[in-house]
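Here come two complexes built around chain A, the first alongside chain B, the second alongside chain C.
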Partner chain A sequence: MMFARRLAFRLATTAVTLVGVAVIVFVVIRVVPGNPIAMMLPPGATEADIARLRALYGFDRSIAEQFLIWAGGVLQGDFGTSITARRPVLELVLGRLPATLELATLALCIAVVLGGSLALAGARWRETRTEAAVDVTNGIGLSVPDFLWGLILILLFGVVWPLFPISGRIAPALAREFATNFYLAEAILRLRLDLLGALLAHMLLPALALALPLAAIIAQLLKQSLKETMHLDYVTLARTKGFAEGRVIRAEALPNAVLPTLTLVGVQFTFLIGGTVIIERLFSYEGLGNLAIDAVINRDLPLIQGIVIVFAGLFTLINLGVDMLYAALNPRLRRG
Partner chain B sequence: MTFLAVEGLTVRIRRGPWLLRGVSLAVAAGEARGLVGESGAGKSMIGKAILGILPRAAEVVSGRILLDGTDLLRLSDRDRRARIGRLCALIPQDPLTALNPARRIGPQITDRLTDILGWDRARAQARAAELLAEVQIADPPRVLKSYPHELSGGMRQRVLIAAAFAAEPKLIVADEPTTALDVTVQREVLRLIAGMQARHGTALLFVTHDLGVVSKVCRRLSVLYAGKVVEDTDVRAFFRTPGHPYSAALLAATPKYTDPDSSLRPVPSAVIDAVRAEVAAWDAAHG
Partner chain C sequence: MADAAEGRGAVRRRAGLRLWLSGGWLAALAAAALLAPWIAPHDPLAQDLFAGRLPPAWQAGADPAYLLGTDSLGRDVLSRVLHGARVALFVALVAGTLTALIGAALGLLAGFYRGWVDVAISRLVDIWMAFPPVLFAILLIAVLGTGLASIIVAIVVIDWTRFARVVRAEAMAQGAMDYVASARVAGMGRLRTLATEILPNCLPTIGVLLTLEMGIAVIVEAILSFVNLSISTDAPTWGGMIAEGRLSIHQAWWVLVFPLVALFLTVLAFGQLGEGLKDRFDPVLR
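After this line comes the complex of A and B, so read on.
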């Protein structure tokens, strides 16, 4: 009951947030310099041509009027038509969204596994050289941003040791095998290990570039909160029961230490999705981020609006998910 | 039959002060022994050393801890842990912090039975329910499914006592188990520990600063000062005629319900000086 009410409340605030985001984006991209009409016409177009096109796309009306027309369409599921691609924005965005979601999810999984393992190792062998090594690793992970990791990985594993493909989501010939745009999920569900291997080879480097900074943050924070938990009485009591240190950390310390880390991972995961914009560009990965950059370069206003709304919706959904997960993992917040 | 024998146990903070200065004490099988001393005397350190949970900064310099004849300090970490887990248990000081807030009560009682001793789940569950009934907790099945924050402090201490007796240990170390409880709950918990100890025939090392508590639970008594045992005696004899001058002063300093108007008497400085001189001599001899 409590849970359902909280969920309903959060969904309501989410709607308010999205309206706010829509207004801001709509106004900002119309106020900043750059004109989509100018991009569409050849040099030497007449004033009359420009005026005709402006009227066609509705840019001759006031911003408020344009917004109401657009918002009315959005409420009916019509996000407008891309100026450059001449196709519905929703179709373009939904076509690209799975690629970005899969990349971000893979990056998150890598970050959690990598960061979690480092944290556990650092806590298990605390105050030894192992912990010092973990700290140094975290320092490196934290001080290099994701796009730089992308360049480093391309250089190392694409150029110096060409082990992985450095461009695209999958070889175009293989792309025809898929019925949906969720390539990774589909390959796993259909147990097509050949496709899965090809996908992962393409996704590993960009996902790693996105994951490394987040892994370092997780490792640092989780290790610290594990170490704080290790001093508590229930951990000591578990040691007297005959449990080995590793088991004491996993069964006693981890369920408590993971809570503060979870909050941060939620916030950082949204940054990671923001990072996909540049990383997808670097690796020519056909996701939403790459589409967003093209949209901005071409001043494709309807497409930019659609992409930003989708990103904003995604972020609020992630925050909602983290909140719910936090409640599920912390028995003191659970109510029967 | 001596079950636990601590012989000449000397512990110090690495490159720091001494914590225990050659402590010797013995607990016979089934015997309840009190270990008293003022704060900082090293009472809890002895319990921690026996259970293998000394802080990382502390190191054992010399001595033996014989548990049923085997010196724990000569065992590998793994063997020591296994032996302690099988033969000993701890009743901790603060019931509010000694239960894991993220885990249900049931597994916190049964994990040693299933994961260390290899019992099957159903048998361990039945045993846990039986023990909760023995520590007079109403509705054991519900409590087993509860989280610690759903129980009162007194109930949590009962749960911890039940957990300590779960594997029928031969020795229980109780580290000031009533200090964090209010006075009325204290009495019940003491009675419970004394009753369980007698029924199960478990040896008990009861660490406390409260002489009144010792007299309710223990038959034998060791008095600790500055990391040294200054007296080892029978509890009744101790209350009649304490042997060591420090013990006598400690006893005299205990407030009495029968004579509430008498002012508190601190331990006389002459006694303190004498004991301190002994300690200084020990320190000088051990560098």
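After this line comes the complex of A and C, so read on.
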């Protein structure tokens, strides 16, 4: 019962947030000097052109009217038509979304594995040089953002020691092999190891750039809560039963230490997805973020709006999911 | 016991070293930025098409007049890195301070007055958290037009929530303490309590966040100039140089590497300075 009420409450706040995002994007684009028509106009447009364009996109109506028309369309799945591509915004966004989701998911997996291992190592060999080394690694990981990691990885593994390709999602010739836009999932499901290898080679560096800051955060927080759990009586009991230290940490301390980390990973995962915008640009990876920057540079208003709303929807859904997962996993929140 | 004391001493020395190193780099960079017009060996905008993509001075085929080499248009990399430091630090200082002022003020109001003020500000923070920050920044620049002022406005508009969230929690915690209650009992008005009792206790937190925010501002400026939305296309910015270097990475690595090193050290220094200050002065964030 409590769970259902919590879910209903969170769904309501999520809806409020999304409407807020939509209003802000809409207003920012229209109210601030340099109106959208000016943004869209090619140099040398005539007065008649301007008037036609205004009527076409409904800019001759009031902002509130424009918003209602647009929001009504969005609710029916109509995000408008891209000005540069002359195709429905939704189609373009859905075409690129899988690439971004796959990149972000891969990055999340790397971050969890890397950060988890660091935390376990730091907790296993606590108060030794190993823990000090883990702390220094975390410190650097935390203060260097994904954009810089991307550039450093490009230099190291693209130029100095050219192990990996530094641009694109896959070689264009291989892209024709796929039936859907979920290349990674498709390659795994069809057991096409050749395609999987080619994909991972392209995705590894951008995913790593996105993963490193998150890995450092996971390592720091998980190590901290592991060390706190290690002092609890039931862990001492396991130890006096004669279990090896590594087993005590994994089987006894870890399940209890994971919860606080989980909440944080949720919030940080949205930051990671936000980071895909610039990382995709850096690696010429054809995802939603790269499309977004092109849309801004080309002043493709309907497309910008659609992409921002999709990103915001993704963010709020992830937050909602993490919140619910936390409620489901935390015995204290399970029913009063 | 002696071991523990020694361990603490080592930790403190390490933290001290961290503060000195990061502070030292930032001070040197600030000096270089201030003096750039005088110490830069060349005009950062001067092109020399016959001296394009010259390698750094210690490599074969270099011209010793260009210590760190030249880019594809024959502009001196060293001079551009030095002038780029001016842009980076100016944005860090101005955008960081403005963000801190606005964000902390809203956080204080929300945390101390509670009620509808808190509800309104917290809702706004929630909405803001749903925006992808880089995309939001690029969108704002596209709307506002390029230029230093736009970059600063974009950073303030996007990042005020960082301060608001933390300061709100801090003001709430301080507001619940006895010393605040006794100040109120002694007849001090609410606004005065906020300014003279709560604000001073939030200052260490704000200072740490400000240091971290400056590092973020440097990165945001670099990202915006990387996607060519910063000041102008040929103005010397680290991000712009990096963007050009990324294109010619296989022919002229130095165009990318030197601004990247400067950017890396600066961002690392702000981050480490913030963490070091946190360990030393701030009991809340620690």
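FYI, the second predicted complex is superposed on the first by the 314 of 336 C-alpha atoms of A that agree within 3 Å, B and C clash if a C-alpha of one lies under 4 Å from a C-alpha of the other, contacts with A are read in each partner's own complex, and residues count from 1 in each chain.
Everything that follows uses one rule, which is that contacts are C-beta pairs under 8 Å (C-beta built on N, C-alpha and C of every residue); 3 or more make two chains touch, one makes a residue touch a chain.
Everything numeric here is computed off the predicted structure, so don't read it as measured data.
S.K.: Since both structures carry chain A, what do chain B and chain C do when superposed there: clash or fit?
M.R.: By the criteria stated at the top, chain C and chain B fit after superposition, with no clash.
S.K.: Given the touch rule stated above, what does A:273 touch, chain B (first), chain C (second), both, or neither?
M.R.: In the superposed model, A:273 contacts chain C only, not chain B.
S.K.: Looking at the overlay, what does A:316 touch: chain B (first), chain C (second), both, or neither?
M.R.: After superposition on chain A, A:316 lies in contact with chain C alone.
S.K.: Angle at chain A between chain B and chain C: what is it in degrees to the nearest 10, using CA centres?
M.R.: 90
S.K.: Residues of chain A touched: more by chain B or chain C?
M.R.: C
S.K.: Under the stated touch criterion, which partner chain does A:304 make contact with: chain B (first), chain C (second), both, or neither?
M.R.: second
S.K.: First (chain B), second (chain C), both or neither: which does A:233 touch?
M.R.: In the superposition, A:233 touches chain B alone.
S.K.: When the two structures are overlaid on chain A, which partner does A:88 contact: first (chain B), second (chain C), both, or neither?
M.R.: neither
S.K.: Who does A:73 touch here: chain B (first), chain C (second), both, or neither?
M.R.: neither
S.K.: So, A:13: does it touch chain B (first), chain C (second), both, or neither?
M.R.: second
S.K.: Can A:148 be said to touch chain B (first), chain C (second), both, or neither?
M.R.: After superposing on A, A:148 lies in contact with chain C but is clear of chain B.
S.K.: Once the two complexes are aligned on their shared chain, state how close chain B comes to chain C by Cα atoms, in whole Å.
M.R.: Nearest C-alpha atoms of the two chains are 5 Å apart.
S.K.: Residue overlap on chain A between the chain B contact set and the chain C contact set?
M.R.: Common to the two interfaces on chain A: residues 127.
S.K.: Touching chain A in the complex: which residues of chain C?
M.R.: 7, 123-124, 126-127, 129-136, 138-140, 142-145, 215-216, 219, 222-223, 226-229, 242, 246, 249-250, 253, 256-257, 260, 263-264, 267-268, 270-272, 275
S.K.: Taking the complex as given, what residues does chain A use to touch chain C?
M.R.: Going by the criterion above, the answer is residues 13, 16-18, 20-21, 24-25, 28-29, 32-34, 39, 127, 139-140, 142-145, 147-148, 151-152, 154-155, 158-159, 166, 270-271, 273-275, 277-278, 281-282, 289, 292-293, 296-297, 299, 304, 307-308, 311-312, 315-316, 319.
S.K.: For chain B, which residues are in contact with chain A within the complex?
M.R.: Spelled out, the residues of chain B in touch with chain A are 51-53, 56, 78, 81-82, 84-86, 88-90, 92-94, 97-104, 108, 111-112, 115-116, 147, 149, 160.
S.K.: What residues of chain A sit close enough to touch chain B in their complex?
M.R.: It comes out as residues 127, 232-234, 236-244, 247, 251-252, 255-256, 329-332.
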